[in-house]
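Provided herewith is a single structure, encoded as structure tokens, for subsequent inquiry.
Labels run A, B, C, D, E and F following the written order; every chain starts at residue 1.
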Amino acid sequence: MAKLTEYKDMAPRAKAVVERIAAARGADPADINNVWKALARHPSVMEQFSTEIGQAMKPGALDALTKELVYLAVSIANQCDYCINSHTYMARKKGMSEAMYEEFMAVVAVADKGNKLAAAYRVPPDAAFEES
Amino acid sequence: MAKLTEYKDMAPRAKAVVERIAAARGADPADINNVWKALARHPSVMEQFSTEIGQAMKPGALDALTKELVYLAVSIANQCDYCINSHTYMARKKGMSEAMYEEFMAVVAVADKGNKLAAAYRVPPDAAFEES
Amino acid sequence: MAKLTEYKDMAPRAKAVVERIAAARGADPADINNVWKALARHPSVMEQFSTEIGQAMKPGALDALTKELVYLAVSIANQCDYCINSHTYMARKKGMSEAMYEEFMAVVAVADKGNKLAAAYRVPPDAAFEES
Amino acid sequence: MAKLTEYKDMAPRAKAVVERIAAARGADPADINNVWKALARHPSVMEQFSTEIGQAMKPGALDALTKELVYLAVSIANQCDYCINSHTYMARKKGMSEAMYEEFMAVVAVADKGNKLAAAYRVPPDAAFEES
Amino acid sequence: MAKLTEYKDMAPRAKAVVERIAAARGADPADINNVWKALARHPSVMEQFSTEIGQAMKPGALDALTKELVYLAVSIANQCDYCINSHTYMARKKGMSEAMYEEFMAVVAVADKGNKLAAAYRVPPDAAFEES
Amino acid sequence: MAKLTEYKDMAPRAKAVVERIAAARGADPADINNVWKALARHPSVMEQFSTEIGQAMKPGALDALTKELVYLAVSIANQCDYCINSHTYMARKKGMSEAMYEEFMAVVAVADKGNKLAAAYRVPPDAAFEES
């Protein structure tokens, strides 16, 4: 299990990251989630990841829920238990209904299977789908 | 590379699958894409996959584009070249703009990295995100 | 693409490995398959792998075809195109009929999907299945 | 961890799936294993998976034990802890001896290594193994 | 295959990235490698990745060759053909001898196998190795 | 969880492996780590793996720490929790400072992302990097 550093024990650079995240969520820095408590030992990795995820997940041409579903889909394909827990929660919080969740799971399941079938039968890419 | 069977040479069960797909797309069965030409040798696998993908991808609580993005996200995480080619095309056809594509890629990239960081630091799931 | 070394150009240690494999197959060392032409640059890796695969694949409590199917299943899960090509061929040579191949693919497809569903729903292992 | 629904609390569609599985095993629906308790929240995913796994795993051209070994091989390659636990148990129940298990593990280990060596050395598929 | 944009046809933001990389290498921007020609369509993803890789790979507490070997090890585990080609080249350029390459491959092979054995036998982490 | 066999209960072939490992570390065989307690049930797999890892990890053209970092990089890419725990410990024991660990993580993170970007944009290998 990770060596987790609580907010009060973090170095200044790590504290600054946590404060920025907590402020954006209107939450107490002491309640920051575990990934940040683990990353706190390596401020440069932590700063890089927090900046990148902040930019990637903010609504733009794609809305916030769609982005969560994409994040969750990748996490399931990679079988990341920590990330599945967090991003299933986030997706629900951003509006994923039980019906959406069920359809999402059906897509993930068939996509994963389709990936393996394409590999198993060694299917060559369709020329008609290549970008010109 | 796959042994590909052209539509005209397929067994009746495989032809029936191709005809159903082509009809739904308003396309010529002879122009069916490669995955179906590869699956045609195994009708039971082909029927199962075509039924499953048809049900999973039809719009419902989630719209067609969101479903394509989820499929594409899984395919990138699994590094399936055939599937990435097909579903990038499909996503564009269903409305993915270049701006959406760029944001989508940023989410996929950070999700994949987040998955590996969670594994590397052995981060325990957050109790606050568990479903009660 | 790999730097491939033809048999005639291999160092003595690599030649010895190829000769042993070719003799076991009753084949010409010059016709050795590509993986050995690639491994020839690193004799210690080549010797280790050839010994290990020779021991693992010889019939014992499990027959030769079952072993090929297990090898192929792993190769599909890992999406190794080279290995899928070789071991689909080997499986056919060792008796895999088209009906067996079709059933095999159905098992691989559902196993892969089952793996992802177990991850997605974060299913805890069944106590009843644990070895006592 | 998954939100698990006990049999007595499941919706009718989920109960029907569990009853069918329990009947086939001559077991009590209340003792159903965890994957079904997790899938119960999404009846369409549950029905699809139970039908597919039932068809794929029933003996045919391949016997029941061979199918279990293929399922287990995929699960190990994908590192699915839940599935490894279940299908190691199933394989033993269907006749996997300790000697078979040991040989199986040797094949899985060398297959996985072979997959990575082929990738690392970028070995091109052998023309001689391509299906004509 | 990727839609590749040549340097002369890139948008200003993409050109700026390429010029910075080419300058650091003392090379002609027109000879930039393919990953940048592919990323050029999405300047924000391109800028993010080029900044991150530049910071991560510059020598520090770890030397440049060690960093290349770590990058290559990840790329082999993920079976990324593009990356294996590039980073095997980079590792050689930064001093990887054939003897180092051979030993590196032996470590990658046994690590990958060790990962699968740990999963297959469901080995619990050693308390003695946990960080206090 | 694995069926673990304590040293005192192992069969002679397994005991011999453990004694050799313990002797090399100047440790008590009773304190052997869990992977060997799990592998003890399958002496041929155990002997093969212990020999291979012993040869691969001993210092040569690459030093011991570099080899640990390569092993750890593969284990993170494969998300093997057992292996990450063991080899993070081993790397620290062989001299990985916190600064090295931080830089290592930055390389692993960007490598993993680079792998996925190359797949997603379907980037063709650079001819200039191919080995002649």
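One rule holds in what follows: contacts are C-beta pairs under 8 Å (C-beta built on N, C-alpha and C of every residue); 3 or more make two chains touch, one makes a residue touch a chain.
Computed from a prediction, not measured in an experiment: that's the story for all the values here.
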- Going by the average position of its CA atoms, which chain sits the greatest distance from chain B? F
- Query: Going by the average position of its CA atoms, which chain sits the greatest distance from chain C?
  - Reply: A
- Query: In whole angstrom, how far does the Cα centroid of chain A sit from the Cα centroid of chain C?
  - Reply: 34
- Give, as an integer number of Å, the spacing between the C-alpha centres of chain B and chain A. 20
- Which residues of chain F are in contact with two or more other chains? 1, 44-45, 48-49, 52, 55, 76-81, 85, 102, 105-106, 108-109, 112-113, 115-117, 119, 122, 125, 130-131
- Message: Chains as vertices, touching pairs as edges: which of line, ring, star, complete or other describes this one?
- Response: complete
- Which residues of chain A touch chain C in their complex? 76-77, 79, 81, 84-85, 105, 108-109, 112-113, 115-117, 119-120, 122
- Query: In the complex of these two chains, what residues of chain D are touching chain A?
  - Reply: 41-42, 44-45, 48-49, 78-80
- Query: Contact residues on chain A for chain B in the complex?
  - Reply: 1-2, 4, 31, 33-35, 38-39, 45, 49, 52-53, 55-57, 60-62, 66-67, 69-71, 73-78, 80-83, 85-86, 88-90, 97, 99-100, 102-104, 106-119, 121-126, 128-131
- Parts of chain B lying in touch with chain E, wherever the complex brings them together: 79, 98, 101-102, 105-106, 109
- Per the touch rule above, chain E residues touching chain A in the complex are 1, 3, 44, 48, 52, 55, 125, 130-131
